[in-house]
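By written order: A, B, C and D. Residues from 1 in each chain.
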Amino acid sequence: MTTIDFSTTIGNAWFPAPTFTASGCASSGRELAQFFPLREMGGVVTKSVMSRVRPGRPTPRMAETPSGMLNSIGLQGPGIDAFLAQDIPYLVEQKARVIVSIAGETVEEYSTLARKLRSVSGISAVEVNISCPNVENRGLVFACDPDASRRVIDGVRRTLGGELPIIAKLSPDVTDLVSIARGVVDAGADGLALINTVLGMVINVNTMRPQLGGKTGGLSGPAIRPIAVRAVYQVHAALPKTPILGMGGIANGKDALEMILAGASGVSIGTASFGNPTAIMSIQSELKQMLIDRGFKSLKDAIGYAHRVEEVTNE
Amino acid sequence: MSPINKNAKQVLAPIASNKRVGTYHQIIVNIGDLAQKCKPGNFVAIKVGGENSALVLRRAFAISRVSTSSATGGTMELIVAPGGQGSTWLCDRIEGDLIDIVVPLGTAFGVPTEPVPVLLVGGGYGSAPLFGLAEILNARGSRVDMILGASTSSNIYAPMEGKRAVNTMRIYTEDGSAGQTGRVTDNLYEQIKDLKAAVVYSCGPMSMLSAITTITKALDVVHQCSVEESMACGIGICMTCVLPVQGEDGSVSMLRSCIDGPVMDGSSVSWNQVGKAL
Amino acid sequence: MTTIDFSTTIGNAWFPAPTFTASGCASSGRELAQFFPLREMGGVVTKSVMSRVRPGRPTPRMAETPSGMLNSIGLQGPGIDAFLAQDIPYLVEQKARVIVSIAGETVEEYSTLARKLRSVSGISAVEVNISCPNVENRGLVFACDPDASRRVIDGVRRTLGGELPIIAKLSPDVTDLVSIARGVVDAGADGLALINTVLGMVINVNTMRPQLGGKTGGLSGPAIRPIAVRAVYQVHAALPKTPILGMGGIANGKDALEMILAGASGVSIGTASFGNPTAIMSIQSELKQMLIDRGFKSLKDAIGYAHRVEEVTNE
Amino acid sequence: MSPINKNAKQVLAPIASNKRVGTYHQIIVNIGDLAQKCKPGNFVAIKVGGENSALVLRRAFAISRVSTSSATGGTMELIVAPGGQGSTWLCDRIEGDLIDIVVPLGTAFGVPTEPVPVLLVGGGYGSAPLFGLAEILNARGSRVDMILGASTSSNIYAPMEGKRAVNTMRIYTEDGSAGQTGRVTDNLYEQIKDLKAAVVYSCGPMSMLSAITTITKALDVVHQCSVEESMACGIGICMTCVLPVQGEDGSVSMLRSCIDGPVMDGSSVSWNQVGKAL
């Protein structure tokens, strides 16, 4: 059997495979562990956690859409302390590699969260989800504001010191994604997670009101894959040295390969796990096989391969 | 290993039969040994739409009954109302078609340790899981009475064979096309008292479950209800299916109806906060 | 049979039905006329036309995506003079109501195009497609730049005078759609067309390069409908008096109703016509029936109905 | 009424039969009187994926042959290579299934007014429309010779009954598994000369059509080829399917291969500009 170096790195974090859960799509990990051992994938990205317990948004929280879905969870969660006490030890015990996702309502909250992570062992990296409303600036989403984005990452970087890699998770709902990406990398992000959900809405034609309790929701699933591939391609073109965790509608090995070729160093799988609890396992093996079939000796050789310069041919 | 959904498996299962019953389809699926793991109240999550489908999410269906006889090799029965795209697709499957299922999921109805009188209340296809439950309760010596309701007679699901385990069955329809005109809750207070029911089991629309809880609370009777919230994953990973539930300490938190439910203690659900921000 | 006032207005233009082709999805109109009489729909929005003949982008120009497609036509067209000479007379002869869509590379080009339209009879309105790269500003799309958007509409308004209604067609690929919308309305737009396609990309996993000749393309079809509904809802909430032509993935009467409830005064149908040449006719009759079923006496009563204030109920 | 696609109709048509032939499926569809309007070279656009499908675009297929006999009531034959999602779905349809089609579309092969010798060159399933064409040319008294090529023998589509209208048939495969090893263009120059062919008709991959054009140009022989570009609509409204074509005045413009094609004059196509910006 042909082998391949399937590992990937983000900052100084090494992962044996480039396949991750997407934040908020694997809960605490326990639920998926029923279907496959968590240590068999690249890593678990945990649900974005905030300082305090959050009840989240009213129901209905989801609506199915053509080849996708809207969600409006509103970052329901137990708060950082309960999370660190209950979920991290379990994941470590399962020998899963863990990327902790944090979310805040102020620049300060992100730093506070980062401080709590400093002394925790068993964490490979921190994903900073900046697609959250900034309560200090009329609820404008951090990731839509170049300056606020930079300040969040800068604060987290200072707090964490140089050890844990920081992955900034960006929203695609911006005019100039590349400049936001550049800003957070300048501020100290080691990697980028692209893309968070796209803002959407469904109106129920029977009640004739928005279907979701929270009115708008985040669009995910295969419907947004072309947007995600474009985002990864654009950002990789501008920042070829910055590792990207690509996500958005990946449902099979072919989709994962597309994202790697566009420039992702790893892929996160969200919505696909809802339709298929073992999606990550099959994506992982399909991707590996497709890389081998195309003659790649290592995953790293395939990252951003779609950008290679056209050989000059004289026909 | 974690206790969540500890028996759940994802399998391709063949449809054994698909029969129209009123407005519903009774669909029997061969699930082999998994049938032994299914308890009344559990549900199954089914992939719908086939290949190239634009439908990305599974659909949840209550398991109506299971058979573990060696003749059939283990089957489960579903009662499906063809409504939207997914359920219509499922109702169009024929004998031999393979469906991708995850089963068994969620909590089950708690069965009393002693044989006490119980009352089962179902709305629409909500009666489905009550028949499997009735058989078990009856076998354990409980007296089982049942009340079913629906908007109209064709929406009442009450199969002949299901009635065997039931002592009495009362039917209500809103349009009066079968049984009494009205709703299952109309005389529920009196009926619970008359039957000296120790437990009320229910399954149906959320408004019905809420109304039943008001009555059972007033009578201080246990109410186990099977709730139905929109579910994206069915396995506890998405947090879409939550309900406000009161804990021991009185605080309300959003619990997932797919793993902390669908069967819940009606008195702990904070019904007036359903669909509202906490 | 129950009847309903199915007409709609955009500025001073009146249409007997709220159903239109989407620009670029009906070519010159002749091609669809094989399948139904053009006068039976609300109106034809013509393919965005520029000053000069344009060859457009290299092929492949399309890629199918889950519940959608990418296109990269690059505004191929005959130029305004040939268009006015050949296409408008045909449409007028067919008794179709016509909205002419114009596109330019400079603020000046838009005004020049508007000038050519002034004396043409048989035009109901002008759609100004500002989702085009501005050659004077590093190719930044006009619709992504609040100031450039405003200047384009201002120039067209001045040139046209007060007669022909102006519909500004916006791109969803912006951080703050409402502020762009407000800007163009202040500059003189009578209506808005929402949304143009979303920027996307597909990578061919066999060639391991972008599938489209133009690399990126515009995502359309049902996949983007939740984004379009959200855009229409947000803009209608901010500018309730401005008529909106809603589009993005409308494929049946239910989808059209969703858009009307969100706040659209009319709907344009693009990609659905590719899959089904008579889509507009069936959408039109389904929409009418759904409005009647819901007790509406006129289409206008349904516009933005999803925004109505919750009646206070005391349960 | 406009002349574009003037006979095209959108109809639901039943599949009459579906048979595997090599790697292809021969699919016969009942299209009634529309069969009389189909000319060799025309194509059909088919909705694929069924209900709830994530596939939003039709797929184009060349019409291989039509039958207008009163026994069958009008049928068309398609030769489909199951490849991606849409063609695989189509090949999975069975007798009696209804498919949503728009037909006939596009230009047709021009038939010479005089019976002149002609050569038909097909690559892969590109041979499909050539058999319908051969019958007509043969009936009009032309001598018809045919050359077919493919990567391997199972990709050669050459039905028995199709050969009746053909004088000689030469087969090339790249792996030598059938006929001669090589490509249809290997000795094409000589063959055209030997046969004194006045017209070359071709259908197959774009690179083959381009190579044939080089040869027919050198010999100053007419070349009618059926091109294949990605088509989103098939009816002329989307502008995705364009090809650079040289006009009378020498200027090159992007023409739609769905309405100005698929049959085009090979010498007018600017082959070296295909896929490039003009």
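In this text, a contact is a pair of C-beta atoms (placed from the backbone, for glycine too) under 8 Å apart; a residue touches a chain by one contact, two chains touch by 3 or more.
Since this is a predicted model, take the numbers as computed values, not measurements.
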Quickly list, by label, the chains bordering both chain A and chain D.
B, C
Centroid distance [mean C-alpha coordinates] between chain D and chain B, Å:
56
Could you state the distance in Å from the CA-based centre of chain B to that of chain C?
46
Report the inter-centroid distance (CA atoms only) between chain C and chain D in whole Å.
36
Using the touch rule from the top of the page, what residues of chain B touch 2 or more other chains?
54-55
What residues in chain A touch two or more of the other chains?
63, 66-68, 221-222
Looking at which chains touch, is this a line, ring, star, complete or other?
complete
Quick one: in the complex, what on chain B touches chain A?
1-2, 4-6, 8, 10, 47, 54-58, 100, 102, 229-233, 235-243, 253-254, 259, 274-278
Can you list the chain D residues touching chain A in their complex?
54, 272
Of chain C, residues touching chain A in the complex:
63, 65-68, 70, 144, 173-176, 198-203, 205, 208-210, 216-217, 219, 221-227, 229-230, 233, 249, 254, 257-258, 261-262, 290, 294, 305-306
Any idea which chain B residues touch chain D in the complex?
48-55, 85, 89
Which residues of chain C touch chain D in their complex?
24-27, 30-35, 47, 55-64, 66-69, 71, 73, 76, 213, 221-222, 251, 271-278
